[in-house]
Each structure stands twice: as C-alpha cells, then as structure tokens.
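The following pair of complexes shares a single chain, chain A, combined with chain B in the former and chain C in the latter.
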Partner chain A sequence: MPRDIPVPTINRSFVQAALEKGHRLDGRRPLERRRLLIQFPDPEETSVSGLGRVEVSLGKTKVLARVSAELTNPRSDRPFEGLLSITSEIGPLAGEAFHGEGRTTEEEVILTRLLEKAIRRSEAVDREALCVVAGEKVWHIKLHIHFLSSDGNLIDAGCLAGMTALRHFRRPEVERLDRDDGMAAIWKVYPTDERAPVPLSIHHTPLCVTFAYLEGNLLLLDPTSQESQIASGTLTLTLNAQRELCVLSKAGGNPLGVEELMKVVTLGVDVVREMTSEMESALKADEAVRIVDVR
Partner chain B sequence: MTTFVLPGDVIPLPADPVDPSTSQSITFGPGIGASTSKTGSEAISVATKMGPVHNTAKRRKTKDGPTEVNRLWVEVQSKRYVPAPGEDVIGIIVQKHAEGFRVDIGAAQLAQLGQFAFEGASKKTKPRLDNGTVVHARVSLANRDMEPEIECVDPKDGKSNGYGELKGGLMVTCSLQLCRRVLSTRMMGEIMTLWPLNTQITVAPAMNGRIWLNCESGILPVIGLKRILEAIDAGEVDWENMDALQGWVKREGIVLN
Partner chain C sequence: MASSSRVEILNEGGLRVDGRRPYELRSVSMTFSPQAHADGSATMQQGLTTVTVSVFGPREPRSRANAIHDRANLVVEVGVAGWSQPGVGQRNRGDKRLTEVGATIRQTFEPVIMSHLYPRSEISIYVQVLGSDGGILPTAINATTLALIDAGVAMTDYITSLSVGLHLTQPLLDLSSPEESDIPYLVVASLPGTGKVTLATLETRIHVDRFEEMLAVGVEGCKILKAEMEGEVKKRTGTMVERMKLNALPDRAGGMKDSDRDILMT
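This part shows the complex of A and B:
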C-alpha cells in the first residue's frame, strides 16, 4: 500500500512562518544547497573494479550510481552509434513513502524521465565514440541509479551521481582478431591489467538544479522532502557549466513570469558551476590515488 | 555490564532482590517477545531483535512496600515503530470516518482512534479533527496482525492529561532510539541548559520516533533544538559532553534565541 501521509498542518504553518523570516529548518539560507558529498569506492581495495561507481549524498538524500559496459550489435538504423541506457530504482529502502507493492508512483515516473532527458537526450555521452566497428560491434553503456535514502531533491542528487559515474567509468580495450580459417572473427576484450581501460568521451556535464516555490513567492534551492511537499510548485533546470540550458521542467504548480524564470536560470548557472567544480575536484582527487594504469 | 543478544536468545532477567520484603516488577519494552522453553513447560522471554539489553532498575515505594522496578528493552537502531500497549505516540490524522479517525503513527498499519476516546466525548460532543492534525495519544490495543488502537484519554481517570490535539509548534521525526533516550535519560534536561532559564520550550516525546516541540516566544529555539536533536540522532555530537555540544552549536552557527 503506497502511503500518502499528509504533512502535519502544524509543520506546514511552521515551515511557512520560518521561511517568511528567512529561516529554514536545517539552518540553511533560502538559496543555499545542502552539503554535497561524493564518495568513490576505496581505491586500494577496488582499483579498476571501482571505476564507474559513486555514492552521492545531499544532506540525508543518498544515491548510488554505477556504470557497466557490454559489447553488442548496433541498431540497424544507427550503425555508427553505441547505446546508453539509464535505469533508476527507488526501493522501499529509500523511505516510508516508497513502500509500494511494486507499483511505480507518478513521482518515480517523472524522476526517471527527467534523468533520461538530462543525461541521455542532452547527448552528454559521445555515442559515436562508443562504436567499435561500424555496423558490427558497439559498446552498450548501462547506467544504474539507485536511490538509497530520500530526503527530497532526488533528481539533483541522481543526475549528479549519474554524471560523476559516467566520467569516472573506464571501459576495457577491445580488438577484432580475424581468423585465417574463414570462421567468424573473435572480439578480444583485454583484461584491465593487460591494457589500460579508457575513459568515455563526454561532450558536456549537464546537472540538475531544483527550486521550490512556496506561497508568497518564496524561492528555495535544493528543497528537502518536507519543503517540496508543502511547495506550491517545483522547477528543475538542467544546465551545464557552459551556461547552456538543456532541460527546463516545471510539472504543475503556480505559473511563473518571464522575468522570474530568467532570474532563476541565472541563479541556476552559478549553482551548477559550483557543483561541477566540486565534482571535478572529487574526480581529480580519486584519480590521483586510484591505480588504473601501470607503466 | 550490558548483555548483547541475538534474536532467539533468552533475555537475562535481573536477580531477585536481596531483601525478601522488597517485591520486584519487570516491564518488557521493544525487542523482547514471549516464548516457551524447548520442553514447552516454561514461559521464557526471548529477544526478537539484535542489540544490547538495557535495564533501568529503580527502587520505588508503593503501597505494598518497596518495589524494585525494572524496565528491560533491546536497544536497536530503527525507524519503524512496533506498537505496544501503554506507550505514548504522536500521530497524524489521515482519514475521518463514521466511528472515528485513522491515524498514521509510523507503524506498518494505520491506527484507529475512536471518536469516544477523548475526554468528555459523547454522541453530542464529537471531537473535530481535520486531516493533517497532530495528536498525542496512548496505544490502548496492539495485537499482531490487527490494526492498533489509540486513545486520547488517560484510562486511570478519564481525563486528557496532555493527550489530544497538539496545536502549534513542530513535529520532528527521529529514530526510535532517540525517543527512548529522551524518555529514559537526563538528555533533555542537559540540552535545555543551553537556553536561558526564561526560555520555555515544550517538548512532547513519544515512543514512535516523533517529538513535538513548541515555543511561545519564537521559532528560533524550536529550529535550534530540532537541529541539536537531529545531530545527536545522527551521532554527530554527544550530549554527555556539554563543552563539545556548545562548541558544535557555535560552529554550526545555530541561533538559539
């Protein structure tokens, strides 16, 4: 039975009253993000096998992303392109609200579609670079996003985890070995200790920023679960550090004016730049300690 | 000297009082269930969860002479509440129906709150509570596989004695462990020393992982206390070390008043 427990009326009015005075319940300012924590698996224990796995926490929200690759045949209409598939999963582990009996809630559907738009349709991964031999063999990159704990703003954490995992991942080297006896060629996937694995080619790093609107035109960045439940509407932007707007998603809620939207986009660009630099420094720190290539 | 138990382990009971004139009472809390010994002849109590066994042994004077009051429970980190009769809970009204209300108390099932389970309630004076109202109640019936029942009156005298609708303030969700600590230790008193004496904060802890906070003089004390409680729950600070707690409050920039 998926439960829809209402936010207590007293909490609703308390949060609203506090926000009108500029206070949030976790001590943040209205336009402040929660602490972002990006963790990779222990580099000494996992070295190569830990590539493409990352755990991102945004306050109490926690997301695990992992990437795997498989050699497959390309689609017949796109022989030069590899495949990228994204699956996301919110289990009952994530919180009481997700104790459904296998049914996907509307929130889950919106979340999956938004991740798809933000990462796949924005062409973040160079799919042509995933082609091994045109029309014969391509890489199929699979990105799994697991939501481990939910305290609002799953989309920002999920998108960041997904992009970090894709940039962290390295696929093995592959070579086609033709045979003299006329039999079908063998595809040799080199073990990672024989040939160093190669990182994916990434076009850009789109990240999501979510804002919540509350009554009285109060604007909040990175809303918690309680805040988004009492919000009159939320707005998710997908931007990259190059100031490009990839996705703008506003599913319901109060209407917004043009000036208001422009203000939010400008704010969002700064937030995405901060998040990108935090992500890049985490990736750099991990690269320095993870031994992938022995020369 | 705490004993660590695994599910199925027999709970070590406290020894009989040395003084034969002292009687002994034992109350079992969460994580302990009734069972029988292997031969089936003896009733024993076993652990249903893993964790250390806690006991608050106290001597009390009752009308039958001095009594050693023992409360035993298994301390586990969990968020899911398992109702037990007599425990205080804080619930949110989810549904109204002809005979009363259905209330979320954080358990696997919704609880029933009858319309006559209020002080002075009769057919003519029914309590009016909307969905989303927060109530402080007491579990009156909790059987396995049945919806638990709660009531907003004290069965001893039929008075409300603090049960009923909670108006204003904030309901905070925490782990069950923190709730038990608030109720069984000096923690709340120690934390409250951070505030000047004239600040009044009302704290209503319940056993189901919810605490209600209210302060007439403003919202900042409530936010501050909520953040401190959450940090203690997450293990970021320790209330037993007041200097460290004060330092943490300063570092985090928590405004207390």
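This part shows the complex of A and C:
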C-alpha cells in the first residue's frame, strides 16, 4: 500500500524549530489561513448549467464540488423527507498516497465520515422542503466532492466546497400532471429555460476548521500536508455563523486542558465567521453576473 | 435511525428515563482476564453496555511493513456482536462506522501509551461489543484502559471516558440508548490525573456557550470513574501479589508438596 513518504528528521526538526519562533514554511503566522479561492464556472458560457458547481482552493489543496438533483420515491419510513447523499472521491490525482484501487484507507473513511457528519447530520439542508408530494415523489440531492489536489486540510476545503455548491445550486421546477384516462400521473420537470429553477432551502451553513497540534503545545491553523504529518494530532471543529458547534472531533495529539480546548473553540468561531463572509461575497458576486431568469 | 421523541428525558422529579439523577453514572462492573489466550484482557460493563477488549503484545509485528523504528505500532480492530443491539445485523469489519471507532480509540491511546519503550513492535487491541445500550465508545475506551493495564503495557495515566448529554440547559452524564438517540451529546475521554482531555467528539448541534459546562462536567465524571477503576485494579493486583507470596514461600523452604499446590491454586 503506498503511503506518504515520511518527513525526514532534518526537515521535521527545521520546521519544528521555525514554528517555535512563530514562522511557517509558507510565510504564514501560526493562526493564519491560506488564501481561499472560490471559483464558479464561467457565467457567460454556463448560465444555468453551471449552478451547483464550484471549485475551491486553499493554497495548493483543490476541491471540486458538484450538486445534482433527481426525482425519486421517498423512503417508506420518512415519506415527508427528501434525500441528500454525499459522496467524496479522492484518487491518485490528488496525491501519491491515494492510490484509488483496492480497500479505502482509514484516512479516506474518516474524511468521508466527517463530511457526512458536518453536512448531513447537522441538517444543513432542509430535507422536508425537498418533498414534492408526501409519500410519492421527493428530490434526491446528490453532492459529489472530488479532491483534485491534496496539500493538507482536505476536510476544510471539502466542507466549504460542499456547502458553497449546495447554496449555489438550484433545482428545476416540477409539476404533477394528472391524466383523464386513469393512467398514472406524469411528473413534468420543467427545463430551466421554461421555468426558473429554485434554490434549496438551507437551514444553516456549517464550516469546518482544522487545527494541528505540534510538540510543545504549538497550535497551527489550516495545516499543510507536511505540517499535519509532523503534527501529533489534529482537531476539527464544525461551526456555523450562529456560534453553534455541530461537530467536534479531537482524537490523539497532546492532551489539552478544558480552558485550552475552549480557547480553540472561540478561535474557531471567529475563523468560521470570516470564512462564511468570504463565501457569501463570492456567492453574491456570482449571482450578480449569472443570468438564471429573465423577468 | 429510529426517532423516539416520546421519551421524557427528565421528569418533574428530576429523574431520568431509567430513574437516575442527572449526574448519576450507571453501575459499573469490571472483569480482568476473561480471555485466557490474550496477553491482557478486560470486560467492562456500564449499565447494559458490555465490551470486552483483548490486548496482544507488545509483540513482533505480523507484517514487517508495519514496524516503526522508534516506537510501537498500535492496531485497533472493533467488532460488534450481532445480538448486541436490536435491528442491526452483524456489522462486518469493513464497516465505516467501526473503522472510525477503531481509529478514534487508537488515536486516544497513542499519546498515553509509552510506545517508545517498545520499538519495532506491535500492540494489538481487539474490541468486541457484546451488549449495547448507549455509549459504546466510552465503554470501549474504559475497557481498553483496563485491558492494557492487565497486559502490563506502560502508560502515563489511566484514560477514562464518558458521554455527556444536554437536555435544555441541564447536562446529563453517561447516557443510555434512548437518551442518546434523543438529545445532543458529547463523548469525553480524559486523563484523570491532570484533568486534560485526549478525546472529545460531538456529532450534534450545540451552542458554544453550553459546550464548556458539558466538558467540565464530563471531565469531573471521568475522575469519579477512575477512582472506581483504580479500586478494582488494586484489588486485582492485591490478590495476585498474595498468590505469588503464597506460592513463593514454600519454595524457599525447600520445595512444595503437590498437595499444597492443589489447595493454593484454587
């Protein structure tokens, strides 16, 4: 099984020594994020078809998220709810540690589970609003997250891309046409040039923030691949702008006192607020240039 | 996931579904070395949740590729017995949720096991859930601590773990299954000696301001649990030392008769 090449001791001690003086290899301060870039497809070429597609890069980490919708039958135990499924894909394209064949590695499983918990279990999307006719037809929203390039902190980039795509996406309008001859009703999905598509109803926007711990209780925000290999552990928080903690996962790394942990959580609140506003301004900028309906 | 919102989490008298008070833990019982073939093993029962953990090692890694030159490699595998919970069939080894639980246990114990004492070796931890009534992860962590102690693996401290729920503004300790499916909760594992937290996982939405209180209560609860566990460990060690003494005395006096041994070994 191919693994990431272990960081040589000489590099490790250099990075560690630099961090103790408050410097990181890419020139950031310990609690500084990498530059976040949110790109939507060209609005001129893809006015409506580009909805729900977004590419997010965080330094050299790059993620593509794509949302699609399909009409299906609801689950029998939950007739009023639509479905949301999240699939994440990470292959050799992202980095040599991800070989793409055979068994999925533990790291990939944890990544998928975290995304699932952050977006699905926190009820970010109003699933009842995806219901068309109770017990008969609901929307199945599919979120695909493709990791294109990996330089650490896949989870933050993945979650941000996923949430941005869900907020960018619009599903087509649908109507039930009953037939006089007693045959089963037809479900008419209107093409986007006939009726304007509608955005999803989103309860809140959870975003992930990852910190890495290094020896000597050094705390780093948004670790690169090398930094997370050196780190003794990482801590991922999922928060929303309403100061609610949706997912917290700290396992491994130096044991922390309660106050230290709370300090990280308060730091995370501010970081998420910044990230949310960056995301919202990107969405707003795209909305201004993308022509979805003509009145 | 079955939703059972008909359950009254806290009744007017301030009692929970199973009659406990908010900060009351379920009764615990511990058994050491239930598995004869393992280097160390323990069964931990918290309420109706039962978990058995076997520890093998430190031993030679089964695959040379897994050896780490300066410390021991920790391997954790989790299994859930088919009869342990209703509705769920046998979970197989590839299950995502079980892989995650295994990884969580491994990461929790890595900083506490003094693995630098066992370079190029492997410590395997096999977790088997025999009965599940909420709090599989905390009980598994507690059982792992006991099994590691039973195996004589060097650790800097105990790790004890508990789940902490929140009902309105009232934190509840050590949730049972019906509570777990109804209210947001957090799993804390801490080193009771220093009160530091090695593991904190939360999967449901909670306001940041409530979080601190829950964490503090959880850490406090972990200390209580440690006292309980330490008592059992000391009792167990006491009987072992006693037996060793009894066995050793006749030896020094020039061997022991077979008839003596029969009585002593009971």
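Note that in this section the second predicted complex is superposed on the first by the 291 of 295 C-alpha atoms of A that agree within 3 Å, B and C clash if a C-alpha of one lies under 4 Å from a C-alpha of the other, contacts with A are read in each partner's own complex, and residues count from 1 in each chain.
In the analysis below, a residue touches a chain if its C-beta (ideal position, glycine included) is under 8 Å from a C-beta of that chain, and two chains touch if they have at least 3 such contacts.
As the structure is a prediction and not an experimental result, all values here were calculated from the model.
Contacts of A:75 after superposition on the shared chain: neither chain B nor chain C is touched.
Once the two complexes are overlaid on the shared chain, A:176 sits clear of chain B and of chain C alike. Once the two complexes are overlaid on the shared chain, A:263 sits clear of chain B and of chain C alike. In the superposition on chain A, contact of A:251 is made with chain C only, not with chain B. Contacts of A:35 after superposition: neither chain B nor chain C is touched. Set side by side, chain B and chain C differ in how many residues of chain A they touch, and the one touching more is C. Legend: residue contacts after superposition of the two complexes on their common chain; A:23 is shown touching chain B, with no touch to chain C. When the two complexes are overlaid on their common chain A, residue A:11 makes contact with chain B while staying clear of chain C. Contacts from chain C toward chain A in the complex involve residues 94, 96-97, 99-100, 102-104, 106-108, 110-112, 186, 190-191, 194-209, 211-212, 215-216, 219.
Residue ranges on chain A touching chain B, taken from their complex, read 3, 5-12, 14, 17-18, 21, 23, 25-27, 96. Interface of chain B with chain A (complex): residues 79, 92, 94, 104, 106, 130-134, 166-171, 219-220, 222-223, 226-227, 252-254. Of all residues in chain A, only 103, 106, 109-110, 112-113, 117, 121-123, 232-233, 239, 243-258, 261-262, 265-266, 269 touch chain C in the complex they form.
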